[in-house]
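Below are two complexes that have subunit A in common, paired first with subunit B and then with subunit C.
Now for the complex of A and B:
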């Protein structure tokens, strides 16, 4: 749920990076944090286990500048992807204005992608939101691993599994190396703000 | 006077806070809480966004990160309460060596976070927070309701 402060002329909106465990959600935020470090005034907040798995969430506030006379602040979050952190995922999703679904392109993770997407839809429904109407971008991560001969799911398969009904914008990406990480972020910011604008105009 | 206030249930919509409301909220934070000697106070929503904040200036806090963590913390503790059969806990408070932090739910969608030192006792703070909350609820409205324009 976005917050509009007419006194400060500021909009705050929440984007959550969702997806199966070890899929690259935190890596996306870490890349964004490094890339825009000169424009991000605060540290990225991470709450993780000793094994570097996200335990609660990662948080990165991004000031994206002025749009239509308003300062826009996007709060980027990731959820913990491991199955056992289901209750935590639901908590972090509260008030989300946009979602990036980071799918794992590894062939062995096909089932986990499907389960995670279903899980997202269920949690959104518990907040009376629909996965079909919330601003959503799909990212097919780890595409760079093809160069190392690791079996990946073809894009057609990922699209058919995850996007045949959603018809959301999608990007092939490599969160570790960078390709399409920023483009994914820009797209979700753009469609989230469009959605907010429509909401307030109505 | 033209008043417009839009308020929707958590997870369904967004909030617009107009200057008059924010002025009224900030006055309560300043007079009722900062006036006691509290170091920082901020009003946030359950998604972790900051509605209003006041700081004494002695220490500069990263209020946006604090807000995200506070919302997450409160959410986690509330869920734990329900798992053990409690509707909610009446007190969420963390005690530090020099700084303490107190959480208070203001309607179902907002939290009041107060950071204070040893100059103020917890009991006194809770009393004052309760008084401030009554005033804030009148500004924020009850849940959920939409007020129409008054021309």
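Now for the complex of A and C:
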């Protein structure tokens, strides 16, 4: 849940990057951190496990600056994607104001995407949130691997598998190379803040 | 709800985000690499490394070994690319032997050595000095990794004599670097069934401990929020 301090005129919101293991959630945050390190004055915190996998979470705080007289701060988190860290995933998702679902475009990861999205819906439901109402952006990652001859799921398949009911904004991206990583982040921040404003004023 | 006010705020957010995260500043180095890359003999190697990055399998690591060997022949007369390929071969061998138990920095170093190789091979106008500097950085990282592996191996040996033996990465010299193979009987895929079972039990125990730790933290948070 976002923290809104009317006295200090501060807003702090939380966005969680969710998705199957090895899908590129951490790579998204690392790209943003690397690309804008001269503008992001904060440090990225990351807790890795054996073999360079996310154990608990990655955390990247972003100072957005002044918007409508409020100082806006975003906190970007990733969850560990591996199936076994389910309790950790649920904990990190607590209080999320927006979610980016990072789907893996590899053809062999189709089932993992579906399971992870289902897992997201279940965890949100446990916090009395609906996947249909939370600000959500879908990112179809690893599109660059098509150039290397690696079989990928067509975008139509990804859309029909994951987004046919959600109708969330979606981006084809490559977290390693960068295309649409920033656009994904900008979109989720924009719709999250829009949703918070609606919530606050209703 | 004031629609115009909301639209105004959305415009402010979007404009602020555009300013903060504008990607106008391009990276000349990466642009140079992109334009040079299509003709580069490194393209198959890059594809293999991308595959290794998302899944470490015997097949991908065997392809890595074959491709590095092919490139070593191509660059046999160029000392800097050749040495970087030696580093890639050594770490590739180490990862092949250890798989999931390999040092977490090993894959990072593979990627870093590849980037250095790509830079030296594809960047036009790069001076010999710049190339040497890149090489020295990678060699330093390689040596550091080697030390860390040695420390890990020692601490593991102290902890238990049953632990999997870490292979040693040999000193990088002018001759091709080689990984000292551990005894074949200790390869991960060839350990005795009772040892594999004991390792699996330990892993399950660690997992259960970690999950309980998280659950306890969650309960604490829940209590505090009450």
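Throughout what follows, the second predicted complex is superposed on the first by the 202 of 202 C-alpha atoms of A that agree within 3 Å, B and C clash if a C-alpha of one lies under 4 Å from a C-alpha of the other, contacts with A are read in each partner's own complex, and residues count from 1 in each chain.
In this section, a residue touches a chain if its C-beta (ideal position, glycine included) is under 8 Å from a C-beta of that chain, and two chains touch if they have at least 3 such contacts.
What you are looking at is a predicted structure, and each value in this text was computed from that prediction instead of being measured.
J.: Clash or fit: what happens to subunit B and subunit C when subunit A is overlaid?
T.: clash
J.: Taking the superposition as given, does A:145 touch the first partner, subunit B, the second, subunit C, both, or neither?
T.: A:145: touches subunit C, not subunit B.
J.: Which holds for A:201: it touches subunit B only (first), subunit C only (second), both, or neither?
T.: second
J.: A:14 in the overlay: touching subunit B, subunit C, both, or neither? Say first, second, both or neither.
T.: After superposing on A, A:14 lies in contact with subunit B but is clear of subunit C.
J.: Is A:36 touching anything from subunit B or subunit C once the two structures are fitted on A? First, second, both or neither.
T.: second
J.: For A:185, decide between first (touching subunit B), second (touching subunit C), both and neither.
T.: second
J.: Once chain A of both complexes is superposed, is A:22 in touch with subunit B (first), subunit C (second), both, or neither?
T.: second
J.: Touch check for A:94: first (subunit B), second (subunit C), both, or neither?
T.: So A:94 meets both subunit B and subunit C here.
J.: Quick check on my understanding: which residues of subunit A belong to both its subunit B contact set and its subunit C contact set?
T.: Shared contact residues on subunit A: 87-88, 91, 94.
J.: Which stretch or stretches of subunit A touch subunit B in the complex?
T.: 1-8, 12, 14, 42-43, 45, 56-57, 59, 61, 73, 75, 77, 87-88, 91-92, 94-97, 127-129, 196, 199-200
J.: State the interface residues of subunit B toward subunit A in the complex, per the touch definition above.
T.: Residues in contact with subunit A: 8, 10-19, 22-23, 45-51, 62, 64-65, 68-69, 71-72, 75-76, 79.
J.: Residues of subunit C touching subunit A in their complex?
T.: 1-2, 6, 8-10, 12-14, 16-18, 20-21, 23, 46-47, 50-51, 54-55, 100-102, 104, 107-108, 207, 210-211, 214-215, 217-218, 221
J.: Touching subunit C in the complex: which residues of subunit A?
T.: Spelled out, the residues of subunit A in touch with subunit C are 22, 32, 35-36, 39, 48-52, 64-68, 72, 84-88, 90-91, 94, 106, 142, 145, 148-150, 176, 182, 185-186, 189-190, 193-194, 197-198, 201-202.
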